[in-house]
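The following pair of complexes shares a single chain, chain A, combined with chain B in the former and chain C in the latter.
== the complex of A and B ==
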């Protein structure tokens, strides 16, 4: 009778062998233990009285926040403009710096795979792993509060992201086109301009719009550490507990995020 | 072929017009209009940035000090603060990732059009949209206001952020799955739970593991800044270090963050390569 195969015991077919299920069971046990430990630490650091009180607090805040203070919008136009500029100029600056880094990091275009490529990869990892708020914190300490610090923070944070996606696109290009252009006797730069750039241009446009969308989101909060934009107003309203202003600012941020996502989706749809 | 010799007609005429690179935007009116708008925007934008050059040049000295501090980071003098902050960040990361995944799976199932009924689908998609639209820091501010300072606010923030990310990608993966396998399980007379467990889950598991590890990585990076708004973790220590211009301590913290992120990225690469 080939229908009943006793694999894991008398109960018929089983997904795993006994050994596999033991290993799995042990992994689950370990995972649950780690999680419970973590939860315990969080729980000890929490004042539970405040947590039990939180529904009332949330209701209180909600009551103060509604209705939003609509006339406050007059004071928000300039911060909104600053936020937009931080995101846009930051993205442009980042792209200017990311392109050479990407060409140095891609295996097929790097001039030296043992020294320059690791350096380029390190720049990518280092800029990517530090959040833009931390960059803003650092830059506010260095060049003072203001839109400039925010723009540079956005730019630095975006280098790694753009360069990583771009160098992956460069590594995936079609070698035949490069060979064809090289065969006409083109110089290194001509090969770059006529064989490599046209192949990565759509990816480049897609990446820039994608990053711009993310940067709009990130630039809305940079003001919290003093780097200009609408976050500055948010910080001020929070400090004065003006919850109806906070509500309006959050609404504006939400609208900005939705619009930027829509624009980015449209542009990417048109390009790709 | 014409019978004209080289001397009759110039070489350029015989070859036709010289080749030019085609333009990216073919319509010239649109092209120049876009160019004009871009230039005007850039002019206005750059002009609206107020730069206090005296402050900047003064700051460059400090910037150089920071760069030097990176070569000579100070791990020791604030080690207890750094250690506690780091442990708290890691704990927030792990706990919020676990809870986030646990909540994401049912929402992800609900947000997949091919297995969820329409009302459930709409509710789950709405949850995903809200979670994705709100920036982590803004959620953290609200959570700190509601639950008080401490890691609990950070934990809730990151769990909430994880839901938007993971549910959306999981739902897309379920929508792309092969219906054949799921139908085969259904044909054996399985219950709904068995159907999900044996028909759907094996198909999306590799991707789910990969995404979870990736999200762990993101959550760690985010947990490093939550402290700025009082939601626990290393961010508070970092903020204090910057405020006191203790760049060597700040550099030490940043180096630890970079190393952990690199390690996590390497780990996630290894695990994803194994499961996929």
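== the complex of A and C ==
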């Protein structure tokens, strides 16, 4: 009861009752206690010698990495091109598979809410919950190392993400436009093409570019497990402790990501 | 031409929106459907083209029982019923021309529609109709660039390009200013007269309805409360439909001067 009754005097007002204040105070106390306990557990499991030593090690590696080995760039053009291709093709493949899944998963377009919709939702959850690095590991074992494994890993990982955002967009469409097109005697597919697709087109474009941007970043590491791209060079350089090559690779990845961010921001700006 | 027999709709929530409604409409008659919010006006016209499935009863259009049709039969029947909506219900991101041509979807196949390859006769008709509603210059604009009155004109063109026998009109003027409302109502009624179309117009504005239609049906709680000519709407009748209120101002005759001024302005 936030309103405080004062007999005779004016009514007061507090946000919480005394009881609510106590409960809140106790919850905060509990939160702090749990944090301190966890801190203690982590501290005991840490080899503090290494931690105290870390600035020196970091300085050492930094020293070896500087300056980057610029001439190594000749060996990076092809892997970075592979990386971009994995991301782009993977995104396109993912979108091709995500569109039907999204239409099957959206409540207002699914042909069957009790069997097909749960299957579509399962596909979304299953593909989303496994990291692309793990998909790549599996696929390298199945279809062998190389760019193909990376592309397929990116594609599978992206289905769930794209389908989820797309089906949410489908569920939010204006039903009056659908009603109006249906009333002309349009078939199911015509209604989809005329009333639903135009409404979700901006969302679709935004999702595609957003996912492509994420996939460029994800595809840079897939080489670590043998799935092609610049990650392969990164792994090689790390294993041979060639820190000046690592520095150049990180720089190249940074530039690629900045460019992809810039492109996706431009495209999204143009749509909205 | 259109016959509703014991048309009943009970929603899943248990609300009975229509209670055995019986109406018969001859060809070419323009009819206003009035009644308070929740009386079942929208449900009634949506039951006619089965955007809402009626629970029982039948809808007979030109001797064909709409309620018994298969989905392909229903699509063919829907082509003969043009629908005009309260908030225009245009596909906002398509152009005016695409919106008008979408009225032909019941006649063309999927790929023709998808690739926007409509027959020349449809395109000619679309231009004719856009000219008739005064929007020829807007054909290439996107629907969301238009004003309310213009959008409703596109909605009318979309309904008419279907070459319908019947217009189902759901609150055509509810989101428009008073002057545009009259212009839109006049346009709908003129077009109905030109083409000999029957129309059912859901409308809140009783005075506006009286100005333009030949017959008024008053719905109250899903049942027909009044069915007669517009000048039969006495204060007693309106009280029966809407409840107690001072009705004198609502049914006051529109001044002749006022009408003349307006037609001069339009």
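Here, the second predicted complex is superposed on the first by the 254 of 272 C-alpha atoms of A that agree within 3 Å, B and C clash if a C-alpha of one lies under 4 Å from a C-alpha of the other, contacts with A are read in each partner's own complex, and residues count from 1 in each chain.
Just so it is clear, a contact is a pair of C-beta atoms (placed from the backbone, for glycine too) under 8 Å apart; a residue touches a chain by one contact, two chains touch by 3 or more.
Everything numeric here is computed off the predicted structure, so don't read it as measured data.
Novice: Quick one: classify A:244 as touching chain B (first), chain C (second), both or neither.
Specialist: neither
Novice: In the superposed arrangement, does A:143 touch chain B (first), chain C (second), both or neither?
Specialist: First partner only.
Novice: Which chain makes contact with more of the residues of chain A, chain B or else chain C?
Specialist: Ranking chain B and chain C by residues of chain A touched puts B first.
Novice: State whether A:199 touches chain B only (first), chain C only (second), both chains, or neither.
Specialist: A:199 contacts chain C only, not chain B.
Novice: Taking the superposition as given, does A:183 touch the first partner, chain B, the second, chain C, both, or neither?
Specialist: second
Novice: After superposition on the shared chain, which partner residues are touched by A:35: those of chain B (first), chain C (second), both, or neither?
Specialist: A:35 sits against chain B, while chain C stays out of touch.
Novice: From the superposed pair, tell me which chain A residues show up as contacts to chain B and also as contacts to chain C.
Specialist: Correct list for chain A: 194, 201.
Novice: Once bound in the complex, which stretches of chain A touch chain B?
Specialist: So the residues of chain A touching chain B come out as 15, 31, 34-35, 38-39, 41-43, 45-47, 50-51, 54, 57-58, 61, 81-82, 84-85, 88-89, 92, 125-126, 128-131, 133-134, 137-138, 141-144, 146-148, 151, 194, 201, 217-218, 220-221, 224-225, 234, 238, 250, 253-254, 257-258.
Novice: Which residues, counting only chain C, touch chain A once they are in their complex?
Specialist: The touching residues are 49, 51, 75-79, 81-83, 85, 87, 89-94, 98, 102-107, 110, 113-114, 155, 158, 162, 168.
Novice: If we count contacts the way the header does, which residues on chain A are in touch with chain C in the complex?
Specialist: 174, 176-177, 179-187, 189-190, 193-195, 198-199, 201-202
Novice: Using the touch definition from the top, list the residues of chain B that touch chain A in their complex.
Specialist: Per the stated touch rule, the residues are 21, 24, 41-42, 45-46, 48-52, 55-56, 59-60, 62-63, 66, 87-88, 91-92, 94-95, 98, 133-135, 137-138, 141, 145-148, 150-152, 155, 198, 221-222, 224-225, 228-229, 232, 235, 238-239, 242-243, 245, 250, 254, 257-258, 261-262, 265.
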